[in-house]
Amino acid sequence: MSRYVKKTSHKKGLPPGSLVFVGNEKQEKIRIRIFNYDEENLKEIEVNRIEEVFPFKEQKTTTWINVDGLHRTEVIESIGKHYDIHPLILEDILNTNQRPKMEETDNNLFIVLKMLDYDAEKNEINSEQVSFILVENCVISFQEREGDVFDHLRERLRQNVGKVRKMQADYLTYLFLDAVIDNYFVILEKLGDKIEDLEEKLIANPSKEMMEQIHNLKREIIFLRKSIWPLRDVINGLERSESPLIKKSTEIYLRDLYDHTIQVIDTVETFRDIVTGMMDLYLTSVSNRMNEVMKVLTIFAAIFIPLTFLAGVYGMNFKYMPELNWKFAYPIWWGISIIAGLLMLAFFKKKKWL
Amino acid sequence: MSRYVKKTSHKKGLPPGSLVFVGNEKQEKIRIRIFNYDEENLKEIEVNRIEEVFPFKEQKTTTWINVDGLHRTEVIESIGKHYDIHPLILEDILNTNQRPKMEETDNNLFIVLKMLDYDAEKNEINSEQVSFILVENCVISFQEREGDVFDHLRERLRQNVGKVRKMQADYLTYLFLDAVIDNYFVILEKLGDKIEDLEEKLIANPSKEMMEQIHNLKREIIFLRKSIWPLRDVINGLERSESPLIKKSTEIYLRDLYDHTIQVIDTVETFRDIVTGMMDLYLTSVSNRMNEVMKVLTIFAAIFIPLTFLAGVYGMNFKYMPELNWKFAYPIWWGISIIAGLLMLAFFKKKKWL
Amino acid sequence: MSRYVKKTSHKKGLPPGSLVFVGNEKQEKIRIRIFNYDEENLKEIEVNRIEEVFPFKEQKTTTWINVDGLHRTEVIESIGKHYDIHPLILEDILNTNQRPKMEETDNNLFIVLKMLDYDAEKNEINSEQVSFILVENCVISFQEREGDVFDHLRERLRQNVGKVRKMQADYLTYLFLDAVIDNYFVILEKLGDKIEDLEEKLIANPSKEMMEQIHNLKREIIFLRKSIWPLRDVINGLERSESPLIKKSTEIYLRDLYDHTIQVIDTVETFRDIVTGMMDLYLTSVSNRMNEVMKVLTIFAAIFIPLTFLAGVYGMNFKYMPELNWKFAYPIWWGISIIAGLLMLAFFKKKKWL
Amino acid sequence: MSRYVKKTSHKKGLPPGSLVFVGNEKQEKIRIRIFNYDEENLKEIEVNRIEEVFPFKEQKTTTWINVDGLHRTEVIESIGKHYDIHPLILEDILNTNQRPKMEETDNNLFIVLKMLDYDAEKNEINSEQVSFILVENCVISFQEREGDVFDHLRERLRQNVGKVRKMQADYLTYLFLDAVIDNYFVILEKLGDKIEDLEEKLIANPSKEMMEQIHNLKREIIFLRKSIWPLRDVINGLERSESPLIKKSTEIYLRDLYDHTIQVIDTVETFRDIVTGMMDLYLTSVSNRMNEVMKVLTIFAAIFIPLTFLAGVYGMNFKYMPELNWKFAYPIWWGISIIAGLLMLAFFKKKKWL
Amino acid sequence: MSRYVKKTSHKKGLPPGSLVFVGNEKQEKIRIRIFNYDEENLKEIEVNRIEEVFPFKEQKTTTWINVDGLHRTEVIESIGKHYDIHPLILEDILNTNQRPKMEETDNNLFIVLKMLDYDAEKNEINSEQVSFILVENCVISFQEREGDVFDHLRERLRQNVGKVRKMQADYLTYLFLDAVIDNYFVILEKLGDKIEDLEEKLIANPSKEMMEQIHNLKREIIFLRKSIWPLRDVINGLERSESPLIKKSTEIYLRDLYDHTIQVIDTVETFRDIVTGMMDLYLTSVSNRMNEVMKVLTIFAAIFIPLTFLAGVYGMNFKYMPELNWKFAYPIWWGISIIAGLLMLAFFKKKKWL
């Protein structure tokens, strides 16, 4: 499948709001997990049918519904109906080709992000789409597959560490975003190490394969930028949102998150500049190496071609060549040849080619 | 005909608002088709004279008038007069050199876009201009030729699928725009495949023809950008328009459309970055290949030129050359030559040229 | 004279508002032509002294005063005094080094533009400065020399074609601007053809002279940009102007003009991108050609240098060289040589150099 | 001294507002000249002690105090005290490393600019910092050394030419700025000539030294940009300033000045584009020349290396070489050699290398 | 440790506001120094326990608390509790990976900056994070290690030089920022010298190592930009802040500081342009040198290869070669060879290769 654009052609021609999953089916079964808590109590359950979740809506406690796997669209549809979510938003959740964005409606707040993951084996950055719907007292999160960056958060919920159990659903949403963005720093760290490695190798001993590696790094960074740049507007939008779903006390956290986002973007831009510089470095090293090859060739040619000529001269068969009969002609000839050769070497030394 | 600018010189000097068709006549006959519908009923007819359409204006049902072919300017003029459309707008409909734009007047809303089409044979993106005029209860669409991306939409109208028959003309306009922009994703998918193909080939085995292909890709992308960038302002303008022709319920759809537009633009920009990177990759591969050629030359020259000199020496005809008479001079000479050759090879091995 | 900056040094040190002509005197005599019209009547006269024009000021009809030739500064001064125009504006009219701009004062509106002209012989774009002053009931236009893009307009005035005779001076001004900008499309058409021609040649058979042509194209485009970019602000300023000199009915025309301006700018930018791409294409073709030259050299050298060595070996005069006396030594030698040569050819075939 | 940054390290650690001269002492003595005038009278005097100037403050006439030389900081300090100027502004006057800026306080307006000067001998642009303080009825100007672009202005003051004696201190300030900016055009003219000269030479016969010249031009332009870009904000700030020190009648002059500034910036940008284009042109010419060198080498090698081989063949000493004894072997050999050589030439002609 | 991103992975998963030190522990012990002063008195003490500092809070005098070393998080925590500072801000102080920023809360103002330092030995710019918290009557500064740019400032406090003892905590904060930014000029001076040095060497005699140096300069500048660009917003934010902690009298100082910041940014941008230009210069010099190498090779080959051929001809052993027996054949041969050689030299002279 193309890495640059996901296939959406099978969706062409359907009415807007049609729920069709766009992406790769990354796991077989859908998994629905619920955390329901207030400061004193916490219930953690896993349900089979999404309908089991709905009673929590009426409670004053905070509920986090996490859905892993997007290919069973009827689940998404059922949630949409129950929580009164616009079909276009449901469509966005299912289209994993989405650009990070934030959408505010009367009764809910929708956020979609890319969760990144560094695949150490393939040496590649993977991306998974994760969406959040914040409604009164409840956050619903949708992921393409199991496995995420929220395990620490689950643990904090269970152990009642930090302020999380004291705060509402908006703070929980912030914690999700924070976990996703914090994870970007981990990815950037790895990418930074990779860049530095390659840079050192490039200076020490540039080889032909490096261009491909630089090109891959560049693509990786282009890909990262596409996932990260829109975040700026998303978080800024949240911060400035006047939705009653976002409490005033959460604002300072969102401002902090915004600073982190800017820092991530800054770092990606710095990487871009550095990788561009590496390309120039590589190209120059190729030119320099060519220069060196040419010098070797020229030195050999310039020394031996004249000497070969001199040898050729006395290989001629003219009848009357007085030198041929001289007694010391041969050693004299060697003397001249060696001096000529040394003069050439001196010439190249002066030109600093040696 | 020039691909970059369409000939408009025959229009020079005419008063503004003069109706002159600018473009290629892409079909012989003009074709006018009408859909007239409300939630219960649907009439689908094809008319020969545009005047047959006008009675629909008085009805409360929604009407879609579709005109294929722009070269008979009197049809456009007649519509203009009947629906009270400014001559400058009619002029824009006829000038297929138009930049995507949105124009709002008191009683109508004018939108002009590029509908793209991938010509698999020529491996080229074609563009067709399509204009929409939204008036009270009616949308009039103008295309350069038959064949468009609205067939699914026609089917939905006929089958009463989705909300389309329940909504008004503004929603229908949105559906047109959505179909056009959805189709961009299909084009981008194909372009993305093409880029990825070329990229793989480029890394495996860069050949001389690839530069031309990269250049063509780049031109294709420049061309796409020119068609797509202005869309941002068009859709944004629609969304923020305070025209009574656009109902509040349609706004969320337009916002969704705007997100799609940004996504299209984003992808085109990513493609641009990637194609630029491919150019660098190609140039480096050319340099690397040159390096290799030079190395082969240098290795041959550096090994055989000194040996030829050595052979030349003993081809000289000096009377007094003691070595010539030595018994083992010849095998010794071979020994020296072979050792010299091996030393050179070792030297090149050390330099990593072999 | 420098193409990039016009000499203004002779003006240095004069008080602001000093009327000094900056530019090349392009014709000997100044020519003053007047159109005076309303819907029913039209008077077209040519005057010798500018003072003959002034009585028209009192009339309710619309007057167009056209001045060809700027070197007789007293004429400009006299107009300035009579129509109460600020000396700084008069100075701008005379300085043909002006950047397109719009200046609004209490009783008049001043616009200065570049009128372009394609010199087919020299294959060059020429530019002429044209200024307009819009006062109540009157437009005064100043040109560097006779010959302009307004002939169609004059004809329309004489024949009473279109709305021109029904409208006021502001519409006439719009028509002037429209004629100038319409003419840009003609220039762009020619430039587009030139670019496409060069592009085709470049792909078919890149030659050394093309770089110069690409460089000239680039300069032409830089020059065009400098004349066209400021137009955006000029037309936008006019559209948003709240001057009573601009009637509300003219606004839609100005908006249309603005769209045209954006389209011109868009096309110039596209040209820039394409010409940059052509430069890359050319550079790659130079590199590819060098590669080819190197390959030819390497193939010749690699085949014949070893063979020459082999020939040299048996040209040596050692007394004891058994091969020399073998009966079939000579044909065997040829056999070895030919096989060695064919092996080299096979090697280059494998490397795809042949 | 570094051209890019002036040494300010000796200032490090002093409290803000400390008066320390940063720059090169360009003349020994400070010179203070005064023009005091109204429409009827003009007094022009030169004083030794700055205190002699202060009585003018009380008068209703306009005073221009010009200080040449900044190294005697006590003079600046005394002026500062008498005219009630903030120490930070005095510090800025003394720091010749200043960026052009405009500072507005309650009772004065401070402007600092770069006055450029073309040193024909060194072929370099020099810059001198000039500051203006506009207070009620008085302008104080500070220059690094004697010699400026205001001589014409002095003459106009003396001769009562133009409006200068009729207007107030704000108009005088405008005239100063106008003189400085007018002088930029002179500099740009010279730079434009230099660019055009180099461009012509580059096309006719690119030599190795040109790269350095292009690099110097580029540096010159970078330097110019740094001095000129901020001017835009300075003049714009003045125009929009609501300070009572700037009369309404001066505004139109400032707007004109702003246009000039934009024109200067535009031209500098155009120069930048052209110089970048020249670099590409130069690089291509280097590549093309290399190509030519390679072709000469290849032609010689490809013609003579095979022929040398052929000669080598018949220089071999095999006992049984039938050709050696043929009667016409030698002329036949020459025939073959010449034909082979001509074939090679034809091959290169076909490849268009000759 | 990576230079581009500091490791933050050990922080992953902690709740927001967790106090974890991110960075290198640069000294063993934390050092806390206090200046407490008003116009008349000054107390300078060093404390062991942070709690000793707290009594100063109640006094009307101004207090500066300076903390060197960030690894003992309990100290930071204690300050945070006592001065009522948000945990997120404390977290930012401890994360030395911070981007320069300004944060305004109800009762305090938080600023974080990079303090730069030029390591003359390693020829590298080092950066240390410094944070300021401005509360009523008190500034608390946090540094990663001892040693800073505030020594002059301490001296001024002790000696009561300048206005510092007369002003409040906001002015003291300004003085800190001013000292940090003033120090940037020192860094830029050094970088400027380095650039100029390299530029001169590059023009005189470009060597292979220079590319690496240019690349390092570029990285240094990328690194500087990342530290300096955000400053613009920080200082601007301070200037426009409406916090009661910033007195009106300090505003003019902040405006001055803003100008300095812009100047620093301007200079960094100029450096970037110049270093980019140097890269081009270097690349051209590499190409030029290659050209020269090629010329030497070609001259040798073109002179001696034909001559070797000529010698080869008369080394052939054909029985019937009339020239061999001519009396003056040998000197004639030399004559022809020398003339041929001289003709080649003349040819290369004409081509300006010699």
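Details
As written, the chain order gives the labels A, B, C, D and E, with residue 1 at the start of each chain.
Here is the rule we use: a contact is a pair of C-beta atoms (placed from the backbone, for glycine too) under 8 Å apart; a residue touches a chain by one contact, two chains touch by 3 or more.
Here the structure is a predicted model, which is why all the values come from computation and not from measurement.
Hopping across touching chains, the smallest step count from subunit A to subunit D is 2.
Chain copies subunit B and subunit E are related through a rotation whose angle, from the C-alpha fit, is 145° to the nearest 5. Measuring from the averaged C-alpha position of subunit C to that of subunit D gives a distance of 26 Å.
The centroid of the Cα atoms in subunit B and the matching centroid in subunit D are 42 Å apart. Each of the following residues of subunit D touches two or more other chains: 283, 287, 290, 294, 297, 301, 305, 308, 312, 315-317, 321. Viewed as a contact network, the protein chains form a single closed ring in which every chain touches exactly two others.
Interface of subunit D with subunit C (complex): residues 151-153, 155-156, 161-164, 174-175, 178-179, 182-183, 185-186, 188-189, 192-193, 195-196, 203, 252-253, 255-256, 259, 262-263, 266-267, 270-271, 273-274, 277, 280-281, 283-285, 287-288, 290-291, 294-295, 297-298, 301-302, 305-306, 308-309, 312-313, 315-321, 353.
Looking at the complex, you find that subunit E touches subunit A at residues 2-5, 7-9, 11-18, 86, 88, 92, 97-99, 101, 103, 105, 208, 211-212, 215, 218-219, 222-223, 226, 230, 279, 282-283, 286-287, 289-290, 293-294, 296-297, 300-301, 304-305, 307-308, 311-312, 314-317, 321, 323-330, 333.
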